[in-house]
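Chain nomenclature is as follows: A, B, C, D, E and F, assigned in order of appearance, with residue numbering initiated at 1 for each chain independently.
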Amino acid sequence: MFAVEVRDHVMIAHSLPSPVFGPAQGMHGATFVVDAAFYTGDLDENGLVVDIGLATEALSAALAPLRYCNLDEVAAFKGKITTTEFLCHHIWSQLRETTQTTGLGDGGRVRRIRVMLHESHVARGWYEADI
Amino acid sequence: MFAVEVRDHVMIAHSLPSPVFGPAQGMHGATFVVDAAFYTGDLDENGLVVDIGLATEALSAALAPLRYCNLDEVAAFKGKITTTEFLCHHIWSQLRETTQTTGLGDGGRVRRIRVMLHESHVARGWYEADI
Amino acid sequence: MFAVEVRDHVMIAHSLPSPVFGPAQGMHGATFVVDAAFYTGDLDENGLVVDIGLATEALSAALAPLRYCNLDEVAAFKGKITTTEFLCHHIWSQLRETTQTTGLGDGGRVRRIRVMLHESHVARGWYEADI
Amino acid sequence: MFAVEVRDHVMIAHSLPSPVFGPAQGMHGATFVVDAAFYTGDLDENGLVVDIGLATEALSAALAPLRYCNLDEVAAFKGKITTTEFLCHHIWSQLRETTQTTGLGDGGRVRRIRVMLHESHVARGWYEADI
Amino acid sequence: MFAVEVRDHVMIAHSLPSPVFGPAQGMHGATFVVDAAFYTGDLDENGLVVDIGLATEALSAALAPLRYCNLDEVAAFKGKITTTEFLCHHIWSQLRETTQTTGLGDGGRVRRIRVMLHESHVARGWYEADI
Amino acid sequence: MFAVEVRDHVMIAHSLPSPVFGPAQGMHGATFVVDAAFYTGDLDENGLVVDIGLATEALSAALAPLRYCNLDEVAAFKGKITTTEFLCHHIWSQLRETTQTTGLGDGGRVRRIRVMLHESHVARGWYEADI
């Protein structure tokens, strides 16, 4: 299988309101360096998985509502705990929609997406699934 | 599939006593930067794959018997050649046991583990399997 | 599954002659940092996936015809658009041939290869398949 | 000159209340991966710049009051804008005090300290000065 | 001294027409990941070295004439050998001019600039000087 | 000032026989990823700090006696504690000698050398001085 992966980042605040999070229950924050990988079974006539410019724009658009935000105040996350894993799935869902709507330049050949969030130099999470 | 990955490291000495290892047959050593990834099919009620604190402790505990060691003198490795790949599997086995015993906070949702050892900026190995 | 991955790089020039590439249609270039991963189901009697020295040599040999080249003038790429993804597959094919011919020291246990090209700090592509 | 550098990180929330910060004026956050370097003119009788264990503890102690915090509510930062640069200097000051008080194991040979905060894969800041 | 550093990249083709360059005499290329650091002696009233947004724009503008270019055809480089070191100095000169003209938001407090070009995972060059 | 930096690595065993090293007193080991930077005040007629091929060879030659070694058995280190910092200075001395003898292709323009050893993802040391 082929894949192309692009990178961007967001800087957010949030609280994680459950005792399991210990010192992270209060308001704190994170830089998430975000990698989005798009998988196809073959290359198009230009030798591409997807148009990397469009993939970069899709990731940037998926991250736009999160940039410099307090996630506790984002309506879409009402009642949710915005863990790294949860955000991986959220961004993945946004990218699936963009990919299915626009094809990222290739008319719908993308089969699978992976979204990985690096939260520090020692921890990261990801969600990967067929679309 | 979801995953969370944590990082730690160990600094060990060992010899690799087989002609295939050429100059690495004698006593030398390595820093292994170790990534342990835990995979689940879903998130728990707190939006977690596993409790990242418990995952970090599990990795640290798996590495503890190796820290600042000469692996040639570790009883568990008697008669074994402690290659990067072999150590990936060894640490993976330790993490599988911890995961199955403790659930890493989630009552047994972990399906798969990957253990990756970076031995330098140009070489690494890993073992990944369902548990 | 076990894997061992080695790293090398090439510095090439090329043009990408299709309107989809926008400003990259003209002659430009890239450093590709190349990771080649070899997968096996088990370890050999020395505790190895493959001989890492042979794997490194195989990757270096696969990259040799590309080093400091203008890919537009490489006969093997006549009529092709040498995208990152295309080159992943090209190098993968070279490594498959070497692996099948030489076994990389292990008599044919390699089942799968992945070739990943990092084209910058924010973009990379890969091809992964059973051999 | 000799130096030893150790790494840790903190995950914080803050706002940057000045129009110059544009979208970062509101509550958001960051992971700061923090490198602290200690410089000496020579090595001690054990071949050390400083005791790396003590240096790591000193950095961890300097970061402790910031871990998982909303910096807007930290008394020490009242009336301050907690930019990356400002925090470099703040942590530097903490490390200078620890170094001057404890010597980090070497009786006061440290001449200079640098504190670098990586706020993303594309931006970082530092403060470096003699102590 | 304080510093803030931002990162961008360019992908270029060039030849290095002197026997000292061996296989790199012909047309080939590189991805240069470029770090630009700006140094000041103090922070401004907002706690800043420079406005990081303006610094990022200044770097992007300095790189714009090089993006996806064949440097052999860039008029400004006529008769020059466009080594990594040479390009460090060239970009540094552009940034000096922008800094002196615009102040990067701070009215002329920048004292020193460093421009670093990473040409691969094993080689990089830089130029650093007072402005 | 201009600089060019090249990277290589060694994998060694050693013991650190002083109580200050705690658990590292016994036989253990390390991968040292080694960066060697060469500084000049100007560029030569080919636009170079030094010949990067010669710099890479010089570093490789300096590391050759350490590759896959038990440093406790290296005659040159008899009675020494082979800390990261000590090794930085040792390799620096080797590179100074090579630079002064051969000029690294430029007839003696190198003014300063820095040798940095990365011992893990969270610790490194360096020695930098005029030659």
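Keep this in mind: contacts are C-beta pairs under 8 Å (C-beta built on N, C-alpha and C of every residue); 3 or more make two chains touch, one makes a residue touch a chain.
Note that the structure is a prediction, hence the values are computed from the model and not measured.
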{"item": "Reference interface E-F: repeating pair among C-E, D-F or A-D with over half of contacts shared", "value": "D-F"}
{"item": "Rotation in the CA alignment of chain A with chain E, degrees, nearest 5", "value": "180"}
{"item": "Whole-Å gap between the CA centroids of chain A and chain B", "value": "27"}
{"item": "Centroid spacing, where centroids are CA-atom means, of chain B and chain E in whole angstrom", "value": "41"}
{"item": "Shared-contact residues (touching 2 or more other chains) in chain C", "value": "7, 121-122"}
{"item": "Residues of chain F that touch chain E when the two form their complex", "value": "1-8, 43, 46-49, 51-53, 56, 105"}
{"item": "Of all residues in chain A, those that touch chain B in their complex", "value": "16, 18, 20-22, 80-86, 88-89, 121-129"}
{"item": "Chain E contact footprint on chain C (complex, rising order)", "value": "7, 9, 11-14, 23-24, 26-33, 67-70, 73, 119-122"}
